[in-house]
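Lettered A, B, C, D, E and F in written order, each chain numbered from 1.
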Amino acid sequence: MKLGILINEGPYTHQASDTAYLFAKAAIEKGHKIHRVFFYNDGVYNSSRLTEPPQDDRHIVNRWQKLAKDHHIDLVVCVAAALRRGIKDENLQEGFRISGLGQLVETGIQSDRLVTFGD
Amino acid sequence: MKLGILINEGPYTHQASDTAYLFAKAAIEKGHKIHRVFFYNDGVYNSSRLTEPPQDDRHIVNRWQKLAKDHHIDLVVCVAAALRRGIKDENLQEGFRISGLGQLVETGIQSDRLVTFGD
Amino acid sequence: MLHTVNKSPTERNTLESCLKHLKKGSAVLLIEDGVYGALRGTSSTKMVEQALKNHPIYALYPDIEARGMQDRVIEGIKLVDYSGFVDLAVEYPSIQAWL
Amino acid sequence: MLHTVNKSPTERNTLESCLKHLKKGSAVLLIEDGVYGALRGTSSTKMVEQALKNHPIYALYPDIEARGMQDRVIEGIKLVDYSGFVDLAVEYPSIQAWL
Amino acid sequence: MTEATGGIEMEEDTGGKVKKFLYINRKAPYGTIYALESLEVVLISAAFDQDVSLAFLDDGVYQVVKGQHTKPIDVKNFSPTYRALEGYDIEKLYVEKESMEARGLKEEDFIVPVKVINTAEMADLMQSQDVIMSF
Amino acid sequence: MTEATGGIEMEEDTGGKVKKFLYINRKAPYGTIYALESLEVVLISAAFDQDVSLAFLDDGVYQVVKGQHTKPIDVKNFSPTYRALEGYDIEKLYVEKESMEARGLKEEDFIVPVKVINTAEMADLMQSQDVIMSF
């Protein structure tokens, strides 16, 4: 099945991005396809290449990057949400791309399921 | 009176930073001294120089910067909270400084009141 | 002491918990979404009116106006602006934000 | 349809609101802080047990373990891991996150 | 990359599908940004010719109350935008009766025409959707 | 600039003042980071020789429950750190009885020795403080 994921909260602060990641990993292991992960609201903070968690902690940003690379997932960061939160190409991690909200609606249309993780 | 302010949420997402700013401005107008504004939790996002809100919206980051410059307020961003959220000297707005959590405890000790704004 | 509450009482238990912890001489200031606790005719009005018998309750008027609730405030709740918020923070020896 | 709830019922009204909107054939999955709604002996247990009579309720076991609540789950609530979460998302034709 | 809420990429193939989209609004405005950013998605969705509905329940009913005056908190008042939705052919706005009444609100308190439905009808509405968005 | 939770600048003049600091914990762990980042402040505060107390009420009582096992959610289990507080002379941990009971918890369920007090006593504790921190 083709699944889309929406993440509305930033890394570390809320569990949303953690749960979404573990859900995505499990879905891929079961043979489903993750069509796209869309980062909205504070979710855009998941894409900052400057993120540096304590060494004994998970690296949420790089974990998404790797999963996306290994399984061809489109990681899309909402441009409007990103600009007002200080996320730009300048500090965007490789593997993420900034685009419009239309991509979220499109994910809803194209995916068999849209699964939302937020506050 | 000497007031300290603690901000625990990021700009635009929560009203905390807005309320804190309007409180600080009113306090200064009444002749009080704002000793320090400490940015913790998602509050650290208030210091990103890459922040670019829509043109008809308030600029929360630059508003703090200006208030601090005009009234000699110490704007301190917690280093531990900032690192795990991708705020570093690289994207820190001028007028803010990154330092340790001890500065928050010190604010509690030195200020006549510590006023907290969060979620 | 001064207690600030910034959450709606119809969404979270914050205001209810705060009101249970008021001592003689304490006051409550409702700010941000907390101002929904200052309204007449809601499911939390009774709880707030009860607390009002023993404690001063303030609400930040700019937040009430922003939400279009100007004509709905419970009688007896005192309206303040940011300057009044500062006065309250100064008047009471300590302040607790109910986050 | 599948409803997911990620907030504690002793902090917010989310679970209560969700349970009021369940139709025949709907299921609930408790995740993150929502798993506190799956526990015996709490102030929300009765409400959940009532809903359980008419609807399947699932809870994400990794979140229960994380919070040390392994031995407190209401009988009848089905425990799933992330793989089971995926199965539920696939099984039901639509999914609503109660944020 | 386009500015602001733009960036609609209509060239993407949506396969001519029409799905039922429901936007759930359960949070009060201004205390958090969710109400505004939900509305921004709704506006974009208009360009996709989908079957769009908006649901306001719990504190979400406060989003569409009239008389909002945000200058004193220096935040943009976005409530007039709900009135603009009609121009985008988004006309299905539902307010839950029980949520409205628990907050002392009446149908005439809303800034835009809404259909007031009860909890059971709201549950039916949710059940009948393909894609449910919440923020 | 020092890494992580460090950066304590003891050279700053705190005027030899000793204030009563109360850290209020009302949120459950893991769903959000507040419990962890509150604990990080508590640890730093130990270096300042202040009179520190911790209060756990509402969902905050879940923070100190034993048996937490976070490997399955791939998040660090910070609950053992509460046991380390004693080594920093932070020994005043209060749990509210009514909050504990509403969650079906008993005194023996906690990972660290706590003093269980009722709502009125919690109100007294709050009232007697100079600085109240909440996150």
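The rule is simple: contacts are C-beta pairs under 8 Å (C-beta built on N, C-alpha and C of every residue); 3 or more make two chains touch, one makes a residue touch a chain.
Everything numeric in this text was worked out from a predicted model, so none of it was measured.
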Please identify each chain that touches subunit D as well as subunit F. A, C
Going by the average position of its CA atoms, which chain sits the greatest distance from subunit D? B
So how far apart, in whole Å, are subunit C and subunit F when each is placed at the average of its C-alpha atoms? 26
Could you work out how far the Cα centre of subunit A sits from that of subunit D, in whole Å? 24
Quick check: how many Å separate the C-alpha centres of subunit B and subunit D? 38
For subunit A, which residues are shared contacts with two or more other chains? 8, 12-13, 15, 19, 22, 41, 54, 57, 80, 83, 114, 116, 118
Touching two or more other chains - residue numbers and ranges from subunit F: 4, 27, 30-34, 58, 73, 75, 131-132, 134-135
Among the residues of subunit C, pick out those that touch two or more other chains and give their numbers. 6, 10-11, 13, 32-33, 62, 81, 94-95, 97, 99
Mind listing each pair of touching chains for me? A-B, A-D, A-E, A-F, B-C, B-E, B-F, C-D, C-E, C-F, D-E, D-F
How about subunit B: which of its residues touch subunit C in the complex? 1, 3, 8, 15-16, 19, 22-23, 25-27, 29-30, 32, 112-119
Going by the contact rule set out above, which residues of subunit A touch subunit F in the complex? 12-15, 18-19, 22, 54, 56-58
Which part of subunit B faces subunit A closely enough to touch in the complex? 10-13, 41-42, 45, 48-54, 57, 61, 80, 83-88, 90-91
Within the complex, subunit B is touched by subunit F residues 1-10, 12, 14-15, 17, 19, 21, 33-34, 37, 40-41, 44-45, 47-48, 50, 131-135
Residue ranges of subunit C in contact with subunit D within the complex: 10-13
